[in-house]
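When the chains are written out, they are named A, B, C and D in that same order, and each has its own residue count from 1.
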Amino acid sequence: MIDKRVATALEAVAGVPDGATVLVGGFGESGVPTVLLEALVQQGATGLVIVANNAGTADRGIAALLRAGRVRRMISSYPRSRGSLWFEKRYAEGSIELEVVPQGTLTERIRAAGAGIPAFFTPTAVGTEMAEGKEVREFGGRPYLLEYALPGDVALIRARRADRWGNLTYHSVARNYAPTMAAAAALTIAETAEPVAELGDLGPEEIITPGIYVDRVVHTGAALAWDGEGAR
Amino acid sequence: MTGPELLPDGVAPWTMTEVAAHAAADLPDGAHVNIGIGLPTLVPALLPPGREVVLHSENGMLGMGPPPAPGTADPELIDAGKNLVTLLPGGSYFSHAEAFAMIRGGHIDVSVMGAFQVSQNGDLANWSIPGDKAPAVGGAMDLAAGARRVVVITRHTASNGAPKLVAACSLPLTARGVVDRVYTDLATLDVRGGQFRVAAAAPGVTPAILAKLTGGEIDWQCGLRRRRRGSHHYFPAAGGAGPRPVRPGPARLPGC
Amino acid sequence: MIDKRVATALEAVAGVPDGATVLVGGFGESGVPTVLLEALVQQGATGLVIVANNAGTADRGIAALLRAGRVRRMISSYPRSRGSLWFEKRYAEGSIELEVVPQGTLTERIRAAGAGIPAFFTPTAVGTEMAEGKEVREFGGRPYLLEYALPGDVALIRARRADRWGNLTYHSVARNYAPTMAAAAALTIAETAEPVAELGDLGPEEIITPGIYVDRVVHTGAALAWDGEGAR
Amino acid sequence: MTGPELLPDGVAPWTMTEVAAHAAADLPDGAHVNIGIGLPTLVPALLPPGREVVLHSENGMLGMGPPPAPGTADPELIDAGKNLVTLLPGGSYFSHAEAFAMIRGGHIDVSVMGAFQVSQNGDLANWSIPGDKAPAVGGAMDLAAGARRVVVITRHTASNGAPKLVAACSLPLTARGVVDRVYTDLATLDVRGGQFRVAAAAPGVTPAILAKLTGGEIDWQCGLRRRRRGSHHYFPAAGGAGPRPVRPGPARLPGC
């Protein structure tokens, strides 16, 4: 019988090795798998390559990993954002490497990894300093850059609901990177805000991420709370 | 706003709200529009009554609505600038990857962006300035390269008085040759044929004044002629119920 | 006000020019926009390039266009299937050109067109006769083929429901090519099985094809009927 | 079935249902499996009790179930062979593009396919034969190139007695070097190291008989050794509740 449920976040992140490339869902604080990230700090894996849109806020999410010194390299679109203090500190002291990627190129590189496409051409960033060293080719008279798939060893994502097959649904724009990252990692781990559903409770037209992409699910109950000033 | 100390008597620059209203008035009914961070966020509230524009957000949403009423916020429901928003009836959610497939695939009719510099050949610099603590690019390069029409809202000059409309950008580029129109507190200018062509000017702004505050080449006559034909509307009512033409070219003004 | 509804299928296909490349949804008879295709026969456009998984059954769907001699070229994965008599006749008499494309490459080429990707590399068909003349490149020691985006001038698809913005939902696997083709054509036309919904009736998590990809919708009421032997 | 006139007394070939049952028995619990057209369609009904295998269909479905009971058919709900099917609880629908992203991206654990020819180095020919009215390829090339494991169910020889397991394919290839195991009415053979390695043989099938009916090189000893270690199971219970290993290699047998 298929049963991808695990009891705790710490069990969910068991086995993530040092040096792993970890895709982390979320945009700003929306959809960030904060409980899994906290568990990963506890679990102890280090030398990580973190692929994520942002770099965490205050001490939360990716910032907790950065604070604990577990990150060797960030691949990110907008690491420097409001409250990304630990990223700024680690970057300033030179203790992390940084690869900045245009947001659409980042999502498409992750999508390519999940879809078996090793490389593709894109119009984004042509003629900018981000194109330096990249292969340029014209199609229909317009120049495009060659970009490569960006797979993960692990993906950490947050979903709304799951079932024992690992099927997932999401809540509004908290979906963001999750479905794409789920498909792009060898080991995909999802935390869910709501209790795990019975098989069949998530309808076939309602499921956004089919369980084929998901390895472990854990109900953490975590969702963003809003105190009127900022998230949580 | 462009520093009044630089402006002769008799010049009455538009407020940035008026500038945003110009940009809002030009968004065609039925257009799918991405609103950038900063000054562009003024635009949605300034749309003329009855103008139905569908707002796109890079984090996976079409049909974005205004900020929530107090006490009704969904903390996960944010726009690309991480501000709380709502969703209108007819709106939909999708993945980040799909949101950028829309952008890169030419489905966004208009991208409204801020800028550090715009060059007379339409180059845009709006993502990086010297002294940034660390690089960060976001979705600007995708929007600039992918949207069918790119318009910029900006003060006409920087706070130190330096032109932001220039012959060639000195700051790192976001994309080359993409800007179609610039809305400033002194003028509305189409970027065509290697020139800034004046489509409208604030009260009291003369060719000499504009030339002094602009780094690039200005064509004043072309713009005036067009302006006499009237209005900020830059392309005939596309979108809405009417079908898109087969294989539409980029939505641009007819030549001056 | 946005209102993409049109009253009749003939209005819906108005303006499709001779020589257009038309992407047609459907797999077998599931999800085929048969009423739009019948309207296109009536409308009279000819010299068409038809992109579709199959080539129609009996006199229905694409077969109606083939029968009427409106097709110059088929780009298809499996044109020769049970009951594809008009395709076989036109192909045998040499009156149509045929480009056969592996099914996953066909869908990905259409997806690329909608997503602004002019070309991509794929492992499919490497080392086969379908790779002849195609660029091969190795990534990570494995060979891949370069494939190009396949855009349409027009897409004809069938959906379950629509609203005036052109948002669409689908019914089970009748979804197949439709969402991908909707994004890949300059003019996307959808017929719907159920009456057009009020704006807001289709929930934001329920919409599969956002209206940004759709230009015209027409309620035809057409859905597949099953007589116990074969479709309709 | 391989023509009995070619078989010496004492050989009792398996029925094709028995062959499909061998393939079914080898599908690990929790695997995501694509079932090809033809003989492979026998497999799902032959899964051992309690074995939970999720069936994938190229037209956009996971969790495909058996044919519908009479009078309950949804005419749109078909499999890749255009036959009426059902969906199990936990099943989901998605686009054709997503279905093939799953295939090409290596998410399908096992693809069960038919074949015209399989070569000793794992080349597969199963899409085109001389005399086809027109070419048609379907999803075979994607499945063969993309699935983590490709297994073939076929009669051991063609109806004219010609070997289907060959040194080199003469028919147009579907993919090179992809077939992991072949199930025939005479034997189950792993395709490894440029050989067909016998994992199991039908009653009475001797090395000499198999060599006579096979076009490629056979290793009999290796297979026997493995067979003594027992069963058709070719990899340790993967899938199911257990996590996939980080960066799994292709699921293959340990070397003989």
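Keep in mind that, in the parts below, a contact is a pair of C-beta atoms (placed from the backbone, for glycine too) under 8 Å apart; a residue touches a chain by one contact, two chains touch by 3 or more.
Since the structure is predicted, the reported quantities are computational estimates derived from the model, not experimental observations.
**Student:** Go through the assembly and pull out the chains touching chain C as well as chain D.
**Tutor:** A
**Student:** Compute the shortest path length in steps from chain B to chain D over the network of touching chains.
**Tutor:** 2
**Student:** Write down the chain pair with more C-beta contact pairs when A-B is set against A-D.
**Tutor:** Most C-beta pairs in contact, of the two: A-B.
**Student:** Can you give the whole-Å distance between the Cα centres of chain A and chain C?
**Tutor:** 33
**Student:** Report the inter-centroid distance (CA atoms only) between chain B and chain C in whole Å.
**Tutor:** Computed value for the inter-centroid distance: 35 Å.
**Student:** Residues of chain D that touch two or more other chains: which are they?
**Tutor:** 61, 87, 93-94, 101, 103-104, 146
**Student:** Could you tell me which residues belong to chain A and also touch two or more other chains?
**Tutor:** Where chain A meets two or more other chains at a single residue, that happens at 108, 115-117, 122-123, 170, 172, 204-205, 208.
**Student:** Go through the chains and record each pair that touches.
**Tutor:** Here the touching pairs of chains are A-B, A-C, A-D, B-C, C-D.
**Student:** Which residues of chain A touch chain C once you look at their complex with the stated criterion?
**Tutor:** 108, 112, 115-123, 137, 139-140, 142, 144, 148, 169-170, 172, 204-206, 208
**Student:** Enumerate the contact residues on chain A facing chain B in the complex.
**Tutor:** Within the complex, chain A contacts chain B at residues 27-31, 53, 76-82, 87-88, 91-92, 98, 100-105, 107-108, 110-111, 122-130, 170-180, 208, 223-226, 231-232.
**Student:** Quick check: in the complex, which residue numbers of chain A touch chain D?
**Tutor:** Interface residues on the chain A side: 1-4, 14-17, 20, 113-117, 153-154, 163-165, 167, 183, 186-187, 199-200, 202, 204-205, 207, 210-213, 215-216.
**Student:** Quick one: in the complex, what on chain D touches chain A?
**Tutor:** Those in contact with chain A are residues 29-30, 32, 50, 52, 54, 56, 61-63, 87, 89-94, 101-108, 146, 239-241, 243-248.
**Student:** Which part of chain B faces chain A closely enough to touch in the complex?
**Tutor:** 57-61, 73-78, 82, 84, 87, 93-97, 99-101, 103-104, 132-142, 145-146, 172-176
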